[in-house]
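Here the structure comes first, spelled out in structure tokens, and everything after it is commentary.
Every chain is named by a letter (A, B, C, D and E) in the order it is written, and numbering of its residues begins at 1.
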């Protein structure tokens, strides 16, 4: 299997709680993979570990074959693995466009030295980045909001901005944390379209999602987490048929 | 039925800031019964409880407690009117002893602390095992029972419990649910229980509501809901499950 | 709040009147800058009194200001130097170098003063002197720090206060004279301490004594118990505290409250009636060494009369301020100029030691207008300056606190470097 | 050895002076979640108010608590008019407000009483010597008074409904609200008590030294070191930490110059914050 | 009178450097620093010591900038994980710590004596010394202002503002936030150091008691007054604070019902009150937690 992300023997404990427990799965390159499970199953913790915001107690995370567990968040991001946040973390007092123009790596103007040098190079760079940002905004349908402060976006638009910021860097793997939570149903369709488009452009997606309609429709493969452990993995219909999965949700038979 | 109804709420629309979670939810509770609210993540279960206890103000809808409208009153007044509430997490005063935690249960109300403590210890005898310990040093299950005990101090007519099994081992979950049943039986309080752990919760419940996406989807006897395949579809999505109905 | 009410009313009314007078003058100058400038040349001679009207030197600053005003009245009554009146503009340096620098700038730039008199704390003088020198003005100071000599560039700075080295030597002379052999030293961490203590140690050792311990402290300590304990540990014959009023008060109290008794010698400028009152029984027997005044001189007696104090007042800084203004006025008369460089020489000339002894401005101008040379002998002493603008030799008085009163117990005369 | 016993008593005196104001910082931090830099100025204000009341020939033992109550009201007045309006805006606005208040109060004292060094009209007295420990009656009274107030505070926090409300709000504010605690009453009460405690500390400091407008500022760093060392939010912790810091800074004299006592306190403060921000001593109340 | 105005303006310029520095740290990047006076003092002392060691003025200025910047970097590196309120305590304590070092270490900085006879830049021909100093300091403040403005508008300014808004996001898009925060702290400290050098040169004398916490409070007030984050606003705020502090000194000649100490106290009371009022206005209506 051509895996872009491999997780093996991962453990993480918070005080008395084993949040991630011998977790093991992988994400196929070019797939849309769903990560589901009841509340407290450890999904967000897993995202935080993969994206470098938390360190695991033990185990391995490999991205494109390279170990990334324990790396700093920015270093993980630079490898081409980006994430969104469940509760949108838009940069409130900055414009939507600025939210995106922050992203490109290696900007010459992002160094102090550039401030005291002639600004032709920075101007050129900014023009190019702005154009790229507008393109991404177009893709997610926020082009009319480019100059508005991010704080003024609606809840759904903020979700789109999360996606856009992630897209801006053209990553190879995107971790989306509940992209449709708190979004109204009409916008959910738009969001799903955007996600399909993103996928079509060659980006692998790993999605935490509670809206099962979205998961079942979008994902080709689903990984189910319960108490930090993978209890099932398979196609949507396999998961829906899986009694163990439903029991996990409904707190069924004692494990 | 309506004569016995201690809590009634209908048409509740509420949320956090611009994010609307409840899109018109209603629940009714009669004296002495245990009612469970289940539903997938994000369906609005906890928000419902917070709205009922007054931590969130609904933009529409009404809440009645023993026939009195309490929609616009403060949390403190609702506690005094007979509502008890146990939040999902951080629901004990960690640096205070169990005894003091229980004492806090009568903070807003008049009452003889010692007598009520005795009564609560009778209903929840395991409290005696760690009566003088600091609540923060107890296990998750023990903390949950302390939280229940605190809420019981005020002899509430209605007890609102937000996922008492969250983060507990299966054994502790059983223990907590056993105590909830005992509370209902011995104290006569109506209990509104929000749970993920649907199977176990339904086992001790009389009735059940199923919420999805901030709306009432199903309700009925605990037993009938437990056997309803629709519940599975609500949790795991429609997909092509309609054929199996 | 707790200030002595008598004290308050006297000083309070003086400073209030002064403020009113100064205020009116500055108002006029500010409103009509052109006229003000003309006046500076042909009318009144403006002199800045930069004094610590508050802060650690607050009570001395008040005394100095009142004394300078006494001299001012005498000078102007005698017609002023070259027939021009002197106007005194006061500025509070808050005993803080920063405030002093700002105050000095204001005096120089807004009031266009010819000279600045008064600066008391050494840190203040050190801060102000470079500015005064840069503007080619002359400055009289009441500070003892030897470091001031180092920044003396063109001789524009005159000190009527004995140098710290002399002070240090005075303690040693007195102690040796009493036959004391062992000294412990407690020193506040400020400019004059290091020099004084070093000079003291040197002279004391020369005279066969021994310094058993030297402990520095900060003014903002909450307790001084440990430092006092350290000082007493070696059973010294006496303890010299080199500091200011607040910390010396605290140290005396700490020693008393530790049940320790010993002989303390402190600088006179640190001992005000407040200290004696605040330290109460702890100040009993305290020895203070202060710059002497010429108590028997007519100048001092005029000053004492003008300030209205009884015989128990000892106006050592006041006497200096009084002499500073008189010296300045005489120098202007002698030089027929207000130029700083010219005045520098003139000050040295009128201070002596050559020339006819005079003890007031009025006497002085008589001699000068007859073409003679004067040697001003003032309220604070004979005042002869060396090349660095320091007084050559100094007299000191030793006094002791007895029953809450300061009683003279000895003199140390002609202490030289 | 004589010297060591002196150090020990000095440490005790310092600890007694620091304990109550540090407890005030701790209480405010625990309940209102911001470091209040104006506490030192409430010390100064309280000390001067006590002096003012002594001027009406009240004895100090009577003037001090009265001044402390007045200081509590002053603190409450600033809290209700200024701090209250930024209650929900995080820790920074109240921190900035407390800095502004520091500047304001320090200079209000200077305006009213001047820069002069003042002191209480209490006669100096010779010390007791008990087993080599030398202590004056004033110090003994001061230490005992501080201990009594400390005990009253601890008992009050444990035994009274208000005390429980304070501890409940400190340990779990959200839960406190759903048990019917009214936060504004707790906030106001804590501010009043903190003003009171700070003022008593100020009087204690002034009996040991003298009154100047910088009275409180000079102990700011030690106070924060004590409050942080004791685990912000804990009154007993503050008392233990005060004793610990008192001993450390007095005995440091054996190796360090006295002038570095405050710097030492800063190093303790910084080290604790960097290594273990919850404080070293967590008495847990 | 004009000369006195010049003096006020010079103080405004000196505080201007310090406030522009704080604006980069706090206004732009969101790093609260209640001890800006520490870097101001380090700059002043470094300049004074360097000139006394015979360094040319310009070299001494560069050295002062570098040394204070280095201390800024050290503080930033030691405190990256401190929360806002803890950072406030540590920076305030640090500034007092630095003052105590200068006070106690006589070998280093003359102890409480301070350092006198610090040189001023040569006078521009045709101007008096004061005006000349004003012109030189104004030119450098202009340069610092130009730098601050460009910094805020350049991509790096965007990154710093993003850190102020949400550090986690900046890390999540692949930027090393600690490096950026350190750079902001270094820049802010270096600017404060330049201010310190000018302060030392202007007064020609420095001593530890000039570097009390009040200076930090003045520049905080200036940055707050000038709508936190804007360089132009910061300079305007500085001018207001300088006028309030220095300008009211002139009032002494007109107001006779209070004495000098009381007037000084009133001035600072007014500044304290003003700071509180600005804070209330600025933060009153902000979001709930």
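Points worth noting:
Criterion: contacts are C-beta pairs under 8 Å (C-beta built on N, C-alpha and C of every residue); 3 or more make two chains touch, one makes a residue touch a chain.
Because the structure is a prediction, the values reported are computed rather than measured.
Fewest steps needed to get from chain B to chain C, stepping only to touching chains, is 2.
Where touching is counted per the definition, chain A and chain E have no chain in common. Counting C-beta pairs in contact across D-E and across C-D shows that the higher total falls to D-E. Using mean Cα coordinates as chain centres, the one most removed from chain C is B. For chain E, the chain whose average C-alpha position is most distant is B.
If you average the CA atoms of chain B and of chain E, the two centres end up 55 Å from each other.
Note: centroid distance chain A to chain B, computed from Cα atoms, is 33 Å. Averaging Cα coordinates per chain places chain A and chain C 76 Å apart. Remark: chain C and chain E have CA centroids separated by 36 Å (rounded to whole angstrom). In chain D, the residues that reach two or more other chains under the touch definition are 114-115, 257, 259, 262.
Multi-chain contact residues of chain A (touching two or more other chains) are absent.
Screening every pair of chains for touch gives A-B, A-E, B-D, C-D, C-E, D-E.
The touching residues of chain A, when paired with chain E in their complex, are 51-53, 72-75, 77-78, 82-83, 85, 89, 91-94, 98, 101-103, 105, 107-112, 114-116, 119, 122, 125-126, 165, 168-169. Residues 1-4, 6-7, 103-104, 106, 111-114, 116-118, 129-130, 203-205, 207, 209-210, 246, 249-250, 253-254, 256, 259-261, 264 of chain E touch chain C in their complex.
Interface residues of chain D, counted against chain B in their complex, comprise 161, 164-165, 167-168, 170-172, 174-182, 284-285. Chain B meets chain A in the complex at residues 18-19, 21, 38, 40-42, 139-140, 163, 165-167, 170, 173, 195-201, 231-232, 235-241. The touching residues of chain E, counted against chain A in their complex, run 147, 150-151, 154-156, 158-159, 161-162, 165-166, 168-177, 183, 187.
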